[in-house]
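Shared between the two complexes below is chain A, which has chain B as its partner in the first and chain C in the second.
The block that comes next holds the complex of A and B.
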């Protein structure tokens, strides 16, 4: 596929590892870059809204996108409390991009998943969610064919008019490995973003999310070897069944509640 | 002019010309090596060449008695003859003594060459054919020609014996012999190994290896360099290029390589020959040894400034290696295959981001969580929730300590249920012997072994620096660990980054405790048992005795496997091989388990968590796999040490 005249911008953020909470290359953003590279190769532009942090770990995280083979990442410098969407929108309005790629949801910060929607709204572009692939772009008719992820591994093929914003799903192709050398040598091109203070978030109240209770697996093993086997054995399925009819369903639920000692 | 006068004049011209050509060839060869990157020149090593040849090299060659005697006769005879020939025919010293000496040395060489010939009549597959099959004939022709030539000069035969016919035959023989032995030495003939080999012994990149020394740690690279790792032959250090030229294609490395035996596309001998092809330019069509399993010879080519991977050598070849060092240990020329392989892997990982298999995932996990499987770093100590371990730290409320006699290095076994059993056994044993020990707890990171061997030097250095920084906050005398990979890193590889410690493997540490009677073992065990030497304990660190001593202290008579100690076959678990998972015809652990079964042992004792996993991964029925610490715990007589022990074991602190 040669899309030499296509302008594709991929937005990247600093991710956060779910268990260690360390900054890292965000998984969906990395997939967006992978998709962009497949589409336009070295013509892919990459944009990050924010400063290069003094924290070496934040920097390493951002650089790991460069390690995928990008020559540079454009930085749109803005203070931390600024409203990234407005800053990005103002910048992107001048870019005439055909396709803007983002992740579905950031791994850190507000992580609301609203960015692609609000951005599309600001820019007056179409918005496609949970894209796994962009199959083809017809530059003459200004139309693209994209594959969208639906639950349970289903896919839907859509035709979208250019320009559009697409959020890239976890089901998209795995991102290539980030190599240390290119990551260290890649460049940041900084431009100053507009000043747009975030009006809303200071008014919000935040509390930590609560962990959902999880049923403990009871293992009746006596020896360490047995415990080991129980822990590593594949859970044998077959517990679930499909019940039709109101009576039967109610009965099945009741049975379960009795079994669990809840009624 | 008589035929003898003609011969002596002819020889003067011929040998002088041959020496000149040899010299030109030598300069060309040196220029080839000098394309490499700079590296310390160990000039003084050059003086050590004779010693290193006679002691260190022959120490390896002598594992094959037949070959070592043959080589002494042939090489000794040749070196002596060559010197005498130059003195007699170039400098024309007319000393009778020299003539007699030449008679003797050429005879010695001739005898040697007969044995070379016999060996090559039915050459085993690890020997190269082609030009190497010609060599014994050349040796014979050379030695015989000079022997006959010298006979008249000693007065045994009248001069001009045989007349012009013999003179003609001698001329042909001498041209052949000198061509192979002098000219061929620097123009890429089989005798190249003598020229390059001698210099390589002197200028070896790891000078510490000689005189029974050891040098097995990988060398760090500067991460700010413009290119990380080796992409093209010229990216090797010059002395690595020299080392490749020293290879005699004896195939001992091939014989010992587990990946080759398993049918994975790696043959260390061919790899070294490919490096020579890369350095000098050309293709591999003339290679006359065993191919990389599954890859046809003659399909690859290279050059000094042509990238190696996937042009000269397939990437699968590099990633098949378990870094077991069996090749290095077996190589009489002391070539460092593992260094070369890791150097090329570094480029693949650090510059191209092409670590195969699960490499990418594992390396990302190491970056994000300091352990290869991505477990939360703050769950590292979960396995020991019931162990009441003393942890190093500065929080007095949590009873953390800043000082202990022993730092027990846990390693990633912390996340593995099988190896947690070994850890528990070790802790019980340490307590039984009343050892004052503490652990780093959640602050411990993976040692970096896996990352480094997967070529990710950046990750290695980060992990190592983090561990060094943590450990430098505390006082301890010894680090003890059950993981030979961590043991090797801490002992041999952290030093370059500023971490110098006294490190012991648990078997070494326990052997000392048993010696001092601080641990008493029931020595009535009658177990049908064999012991598998972990590569990183044995070949990397020379520890073969402590594990055996411990097993014998339990009364076990070890049923040694045929390949044990320095020639032990790898379990397949090192060097990230399980991560890259390059397919072959068989699995290495299955082959090792077959070695075990051959001894009729019912238990195979191991001393490494990785070996444990690899060997337990072999389908049953198979012998049981147990760490030496587990066996020791079974044999422990608990009542030592006047009641203190009971306290420690029972109550904790």
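The block that comes next holds the complex of A and C.
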């Protein structure tokens, strides 16, 4: 695939390990970079909104994207609690990029998954969610063919007009490993982004996630005998159809499969 | 059992005739003694069991003589009270996912939360459910839908979030709802809700799992933290955020609505592509053909799975015998599956296996033993030799595919 004239920007964030909570390479963002590298190779641009912090762990997390073979990451410097969307939108308006790749949602903070949608809205681009692969890009007709992840491992093929924002799903191809040498050699190109404070979120209370109560099976039985029966009864289909004979059996199974729309 | 109440003229005659030898055994209403005291005969309750002992069943389940005077022995279907909202003070809009045209658990939970929002602070609100495309479910009134907007048409059969988002904007401008709720799901609700939020310039509360007065608790940081924040206008709610409606009926009055004019779509659906069924993880496969001890011809089993397009599974015995790899094992000791259709071939149904397939919708058993547990659980059981049945099934499916292909080529 030669897409030399294609401008692809991948947005990266600093992830957070689900158990240890250490900063790490965000899994979906890494998949987005993998997809971008497959699409345009070294022409992939990478953008991160935030600060190069003094925390070495944060730096390592950000550098692990460089270790995937990127020469540099563009940094849009902004305060930690500021609203990244407006900063990014302001920057991206000047870029005229064809494809913007993001993850589906962040691994820290609010992680509402709104960023790609808001960027698409502000830049007037199309938006595709849960992308697993970009099959082809037709630069003449300004269209791309993408695969979208659906529940139950299914895939849907979509055609989308360029330019577009795509959020990359966990079902996309696994990202390559991050190599230490390139990660250390890679550069950060810092530019100062605008400052847009997030008015609302500082007022929220954030705590560690509590385990959600398991929903109880509520038995609305009037009598003790019914409650007893509900508590002790074996799980059974109750009145399943039984067929004998090869021909009848095969036909009955086929009918069921047809009814469920599987064949 | 007939629900008709049948008179027993002989019992009535005995009840009238105090000299009849059986008169004492019949319960003939309250008996008052000469002083006006109510006399109860403690000997007439209960019945004599098969071993000659007296049995008293206070649950009323058995139809003994003491209970026989009840007019209707059969349980009547309970008619739930109707909740009516004649003139809604405000609206709560719920956009349903409707996977294959039916309400799923997530939709019902969302409707439950919507009813809670509509009825708090003296209530008066009406829940408007918006359904796109085909609607097969006929139990909408029992799930808390006061008003229904159904947009049906050719375009809603495929993935068209931009059109739907545009429709929703029109509806919301018209109704001015207090809250808009969508299931935060991968079945379209999460996508549509975020599109709507971006279009309406609203900040949504995503991953809401609890409502407390005027605040909501949301899952943040990809599930690692809980955020308590004020109730917002647009809510994307998680599963089990609220109990579904179960004790009232609702009107579900259809509000006529036309789909909006929208020709600016940038997304074009080209349909689902065929996926290698064995590449799908077993836990999320929708159609599983599972083999057990009763299978003699494994190559035929694999061939059947590929013809049907089913993901292969196995019972523990089949895995232990080396016929299938370990990652294909279904059950409590293997993978818990959630298939829409699960075909168990030659699996008798150990309890660990039954636990693993508990969430499956339709279970088909092919087995030689009619008395096994799998046949009791199955919705359809085929009793017979599995090799013969699978051979015939493959023939039928291939024949069906051929006729469909011929039909398609004839049309062109």
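We take it that the second predicted complex is superposed on the first by the 207 of 263 C-alpha atoms of A that agree within 3 Å, B and C clash if a C-alpha of one lies under 4 Å from a C-alpha of the other, contacts with A are read in each partner's own complex, and residues count from 1 in each chain.
Here is the rule we use: a contact is a pair of C-beta atoms (placed from the backbone, for glycine too) under 8 Å apart; a residue touches a chain by one contact, two chains touch by 3 or more.
Predicted, not measured: the structure shown is a model, and the values here were computed from it.
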item	value
Which superposed partner A:224 touches (first chain B, second chain C, both, neither)	both
Comparing the two partners chain B and chain C, which touches a greater set of residues in chain A	C
Contacts of A:20 with chain B and chain C, given as first, second, both or neither	first
Partner chain(s) touched by A:196 [first = chain B, second = chain C, both, neither]	neither
Which of chain B and chain C A:180 touches, first, second, both or neither	first
Overlap of the chain B and chain C footprints on chain A, listed as residue numbers	224
In the complex with chain C, residue positions of chain A that touch it	16, 18, 21, 105-114, 117-118, 120-121, 126-130, 145, 147-148, 150-161, 164, 200, 203-210, 212, 215, 218, 220, 223-226, 234-237, 240-247, 249-254, 256-258, 260-263
Complex contact set, residues of chain A against chain B	17, 19-20, 22, 24-25, 67-69, 176-182, 184, 224, 227-228, 231-232
Chain A contact footprint on chain B (complex, rising order)	223-224, 227-228, 349-355, 359-360, 363-364, 367-370, 374-377, 379, 417-418, 420-421, 456-458
In the complex, chain C residues that touch chain A	59-61, 100, 159, 186-187, 190-191, 194-195, 197-199, 203-204, 206-207, 209, 219-230, 240, 243, 246, 266-273, 275, 279-281, 284-287, 308-310, 340-341, 343, 354, 358, 362-364, 366, 370, 375-385, 388-389, 392-393, 395-397, 400-401
